[in-house]
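Okay, so chain A shows up in both of these, paired with chain B first and chain C after.
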Partner chain A sequence: MSDAIATRGATTAAQTSIGRVAPWGVWIAAGLLLAGLPLVFRSGTALTMLSLMGIAIIFALSYNMLLGQTGMLSFGHAVYYGLGAYFSVHAINWAIAAKLPIPLLLMPLAGGFAGLLFAVLFGWVSTKRSGTAFAMISLGLAELVGSSSLILRSFFGGEEGVTTNRTKLLRLFDWNFGPQIQVYYLIAAWCLLSIALMYALTRTPFGRMCNAVRDNSERAQFVGYNPQVVRFIAFCLSGMFAGIAGGLASINFELANSALFSAVQSGNVLLATFIGGAGHFVGPILGAVLVTYLQNMLSDVTEVWQLYFGLMFIATVMYAPGGLAGLIMMHGPIWRAGALSKLLLAYAVLLVPIALVAVGAVLVIEMMTHLGVKAAEGTTMKMAGITFDARSWLAWALALILLLAGGGLARLAWHRVAAAWDRAQGVAREKGLTI
Partner chain B sequence: MSALPEERRVRVAALEARGLRKNFGPAEIIRGVDLTVPKGERHAVIGPNGAGKSTLFNLISGLLLPTAGEIRLDGAPVNALPAYKINRRGLSRSFQVTNIFPKLSVWENVRCAMLWSTGEKYAFWRSVEANPEIAQRTQQVLSEINLIARKDLPAGVLTYAEQRALEIGITMAGGANVILLDEPTAGMSHAETERAVALIRRISEGRTLLIVEHDMSVVFGLADRISVLVYGEIIASGTPAEIRGNPKVREAYLGEEAH
Partner chain C sequence: MAELILISTLNGVLYGLLLFLMASGLTLIFSMMGVLNFAHASFYMLGAFLGFQISRWAGFWMALIVAPVLVGLAGAVVERFGLRNVHRHGHVAELLFTFGLAFVIEELVQIVWGKSPVDFRTPALLDFPAFTVFATNYPAYKLFMLVISIAIFVGLFVMLTRTRIGLIVQAALTHPHMVAHLGHNVPFVFMSVFGVGAALAGIAGVIAGPALVTQSSMAALLGPILFVVVVVGGLGSLQGALFASLLIGLLQTFAISINLSLSDIFAGSGFTPEPNTLLGDLWRVSVAQIAPILPYVLLILVLIFKPTGLFGNRET
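Our next item is the complex of A and B:
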């Protein structure tokens, strides 16, 4: 345990030194990556998914301003996302109707403004409290806005929502934003800008004090800061970026509807942030990309994709509370000590039994789903190209053997991984890269 | 003629408590404390366990609201102010149980402690590194508390003595004129205590210090004046020599210590 903490500390130190050496290199590389991605992933589906990822990244990073940076657990972040979407749609429709010379490029600002405005309003109340009380208030506000969206039909458009046409605005460089590729670049530009701004924010006096309030809000008071004000500012800025993400979503779908306010939306951003890792700035970016990908791919493959999603979340909470980013960062000192390759070998050995367990678990889950949910379709099912009977004892026996044998082997391999980890840590410690 | 210096001393009192009381339900923990600490004085509060020393500190620093009475900082009443406003007026405190920012690096701990006093406040539009004075002063504080070599580690992994030193570093970083230290050497070895006392002596130079301490050698070596708190009341206040010779104190407190 203390090892893990020490490692984290050493990586933080390393991160800052990297930041000092190449402050601009990272951003130029990120820009080139975003610009180049459509050249590799050309299909329409891929472009749509990349667009969704860009939106999810902004949304998750804005959420992490609360969760990871300031230590505020919100169950209602979709409120600002959804309001951002609605205000953007209305702004676009208004600009079209009034023939205002405003390009689509600027429309996410309407979403950001709405997010900021309502975060000021709701945050004024909710950030007076912290911890559980704050979480409960956020849940209540989400319910309030969610149900209002169905009642106030003139603004929210009832169940159907409000549609728009993104191609009818002032054109710059002859871009009408009809093709998805143009929308992708719009989202990518806003994504890069938002990431840069949110990162810069963590390097300001306010950003540093967010971390201080997260760690110990009592102590923050005795160095002159009012934790309520810190939480309030964090909440407002977070709402603004969530609003920008919502605005981009409404441009992408040419629609804003009440589903944007749903608890599912608020839950997803929490999952993405946590799975990616709330403790590191890049965590939510990784989480947003992974979760968006899984949501779109898994839902094609299996009907119970949300179950797998939940299992993944539980596994993260239990075994990798630092998320993906935490797992990666743990290996920083070991990598610099040159001891990573042996450790990776141990991981590869562990991967085999884990894969067995995973296949066994998937088999059990899918057979149960088939027999339970899809009972009407009979007992014959197909997985990975193999057709079999979900009632046959052979299939169940195979699944059970995979689970048990894989589990047993995983235990053995786990000891080897633990030993390899200790050795690698020892090497890193000898070289003074960790304590 | 002799009345004038006395009057001036009272007028410039850095810290003053009048008729201070604190009840927790029916339990009266502080029962009418009067305390005056003139500017530049090192003042120790001693007393047996449960006498209310930490509660007194919590009242002065704004962690608790007094039930009755008044607290003045540089002559201005502060007893109704929240802790952060009292801190902004130049009073800083340490805690008996180490109270740091565990996940932040040692460097960040000290830097965060001076952001308000250097005028950074809630600024979210400029880099924390824009003002070179902050880095300079952080470096200075870290070398004072001898933690330069540990500056990039998360504060939570430091040893106990190092965390105690950091606690003092956070307390002094903001440049407060009045410093309250709550048992700064508690749980330290003899050598560590000596180092801590030297540090406290250095940082309290030219400032006002109010310190709660159990180690009598620390108290008598450091304090200009001592107040003895017993069951929520100050039974004696005076120079170390006066306190040593006070029969009431010997009976209530020092007598017990001697066993």
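Our next item is the complex of A and C:
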């Protein structure tokens, strides 16, 4: 026992000495990574995707200030994203028309200001309630703003939206922001700044109060804080960062239209945040990167990519509610105890039946798609280089066998994984790395 | 004017009752499990599409019986194998599960039936004008929808308040542990209520399919309105759901038929704001144009002035 305490003491001491260097090290590394990425991924599509990822990261992190930090489920976060985009576009157009010496670099601030303003307004109504009622109000507000944007044509530009020209503003260092690479660096800079600010916020007493309100709002009230006020402030700040993300999106596309307010936009940020993991700060970053990548890549491979997306989301909710980040973080103590390798072996065994199930499911979905939507193209289809008839009983039988056999084997392998997990956990416990 | 009021009232009540068919299941499920089923409107859509498919094979009347049963079974399966497993992760996880489910059902419907509307026709037996008021023919099918909705409403009311099953369901709402101790299978009751709720949405889908448009976006269009109904009525209150359904049904149908704008009302004042300004837009927009946003305005007003909803008695 005293050994365990001694070891734990030693690790804590070691961690604090790393802790003094690590925070700055992480930020410098992140900065270098963002600066260096375009040197590795040079193609135009890669650069566009990197820009989109940067925007998605800010948006998802701002969303997680609500969902993960304060425990508020919103179905209408796109409202502040969209309004941020519109205000940025109008600010740019206004600055061009009035010949004001404002560089493009500062324009996302207009979006952030709009996001903050409307979050104050709408948050005042919606943060009076929490839980399910809050979720429903956020949905209602999103519909309200989305429909209003089509009525107020002078500001929102109707169906076509409002366009702008990002190159016409005051130039700094001879950058006109015409080429995508310059826009990427603009987005990367804002992304790093926003991540740092949002991370710093989680370290303040206010960030801790948000967590307290999330975990037990009644107790937070007993400590002397008003949960409603905490929710309101979190909501406003979250709206501000969403507005910055929207502003960057409008600079990236040189356009703001009513699609920015759509339920799809609000749904996507929820999906990205949750798949990445709402419980950890890095979760939404992982989720935003993964979801943006999949959206761009899967849509080239299959027409029904959104279905795969939805299934992935349901699987996350059912089996890994901590998301990707949660799954990774779970293994921290085991890795430090040096017990990870045996566990990985068990995972590898589990991976085989899961792959079988996945192949079976993909086969069923693609054959259904072929017989349904694409019926006009005939029943012959091609997958992984093999041409076959989507109506042949052989293909369907194969798919069903894959699904059933994979499912059965997965159950068996799951027991092995559970046993291996318990053993690894035991090792970590002995070394005093987990409770 | 009298014609407009009469026809709008009939249509409004009809739309309101359709909303109630769905809202009743939604609010029952909510009071029982504490989860607002995001996929409820998807069951309505599933009912419409299954109804369309079955009516092609076996006629409309068969579809009216079989489709809701299938939708109800689908609902029961979702509860048994999905929601029940997610339950231990809390209400947010449950809500997210149904959110993902709505997403997946919409995609599946698009895969099978495509994105464009399908040709779901009213049955020949009911394809005639029932009566003529002033110059408007009122279709017999709408009358049939009205009768079915009222019959189900009465049936549901009687079952919940007058029968033993209703007694157990009501008891399980408030005291699930006590009901379980008395020897009732509470998880089975939950599953059944979820299934019956889904089946009610399925019936609404089958009878609304021919009258409205049967397409893959119908769930996404109706879903938010449905949530407005249950929140405005008060989460978990059946009477509230009925009142709010009728209120929103009438509000929307009347608003659509009024083609007035501020500029018409103040035509005599001589004040005309510049076009292409915010005020100009607001000045010229007609009541019919803002009809789609009225339910949400109502939602926000209700939440400001009576946060529990009109008939609700609990904060959530």
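Everything below uses one rule, namely that the second predicted complex is superposed on the first by the 414 of 435 C-alpha atoms of A that agree within 3 Å, B and C clash if a C-alpha of one lies under 4 Å from a C-alpha of the other, contacts with A are read in each partner's own complex, and residues count from 1 in each chain.
We adopt the following convention: contacts are C-beta pairs under 8 Å (C-beta built on N, C-alpha and C of every residue); 3 or more make two chains touch, one makes a residue touch a chain.
Everything quoted here is computed from the prediction, not taken from an experiment.
Colleague: Is A:Val229 touching the first partner chain B, the second partner chain C, both, or neither of them?
Modeller: first
Colleague: For A:Leu404, using the defined touch cut-off, is the partner it touches chain B, chain C, both, or neither? Pick first, second, both or neither.
Modeller: Touch partners of A:Leu404: none, neither chain B nor chain C.
Colleague: According to the stated criteria, A:Ala348 is in contact with first (chain B), second (chain C), both, or neither; which is it?
Modeller: After superposing on A, A:Ala348 lies clear of both chain B and chain C.
Colleague: Applying the document's definition of touch, where does A:Val125 land relative to chain B and chain C: first, second, both, or neither?
Modeller: A:Val125 contacts chain C only, not chain B.
Colleague: Using the touch definition from the top, say if A:Thr204 reaches chain B (first), chain C (second), both or neither.
Modeller: Only chain B is touched by A:Thr204; chain C is not.
Colleague: Which of the two partners, first being chain B and second being chain C, lies in contact with A:Gly267: first, second, both, or neither?
Modeller: In the superposed model, A:Gly267 contacts chain C only, not chain B.
Colleague: Tell me which partner A:Leu412 touches in the superposition: chain B (first), chain C (second), both or neither.
Modeller: Neither partner.
Colleague: Which residues would you name on chain A as touching chain B in one complex and chain C in the other?
Modeller: none
Colleague: Write out the stretch or stretches of chain B touching chain A in their complex.
Modeller: Chain B residues touching chain A: 61-63, 82-84, 87-88, 92-93, 95, 99-105, 108, 111-117, 120-129, 152-154, 156-157, 170, 173-174.
Colleague: Chain A touches which residues of chain C in the complex?
Modeller: Listed in rising order, the residues are 30, 34-36, 82, 85-86, 89, 91-93, 95-97, 99-101, 103-104, 107-108, 110-115, 220, 224, 227-228, 231, 235, 276-278, 280-282, 285, 289-290, 292-293, 295-297, 299-300, 303-304, 307, 315-316.
Colleague: Could you pull out which chain A residues touch chain C in their complex?
Modeller: Checking each residue of chain A against chain C gives 71, 73, 75, 125-126, 128-129, 131-133, 135-137, 139-141, 143-144, 147-148, 151-155, 263, 267, 270, 274, 304, 306-307, 309-311, 313-314, 317-318, 321, 365, 368-369, 372-373.
Colleague: Spell out the part of chain A that touches chain B in their complex, as residue ranges.
Modeller: Going by the criterion above, the answer is residues 2, 5-6, 8-10, 12-13, 16, 200-201, 203-209, 211-212, 214-216, 218-226, 229-230, 233, 237, 435.
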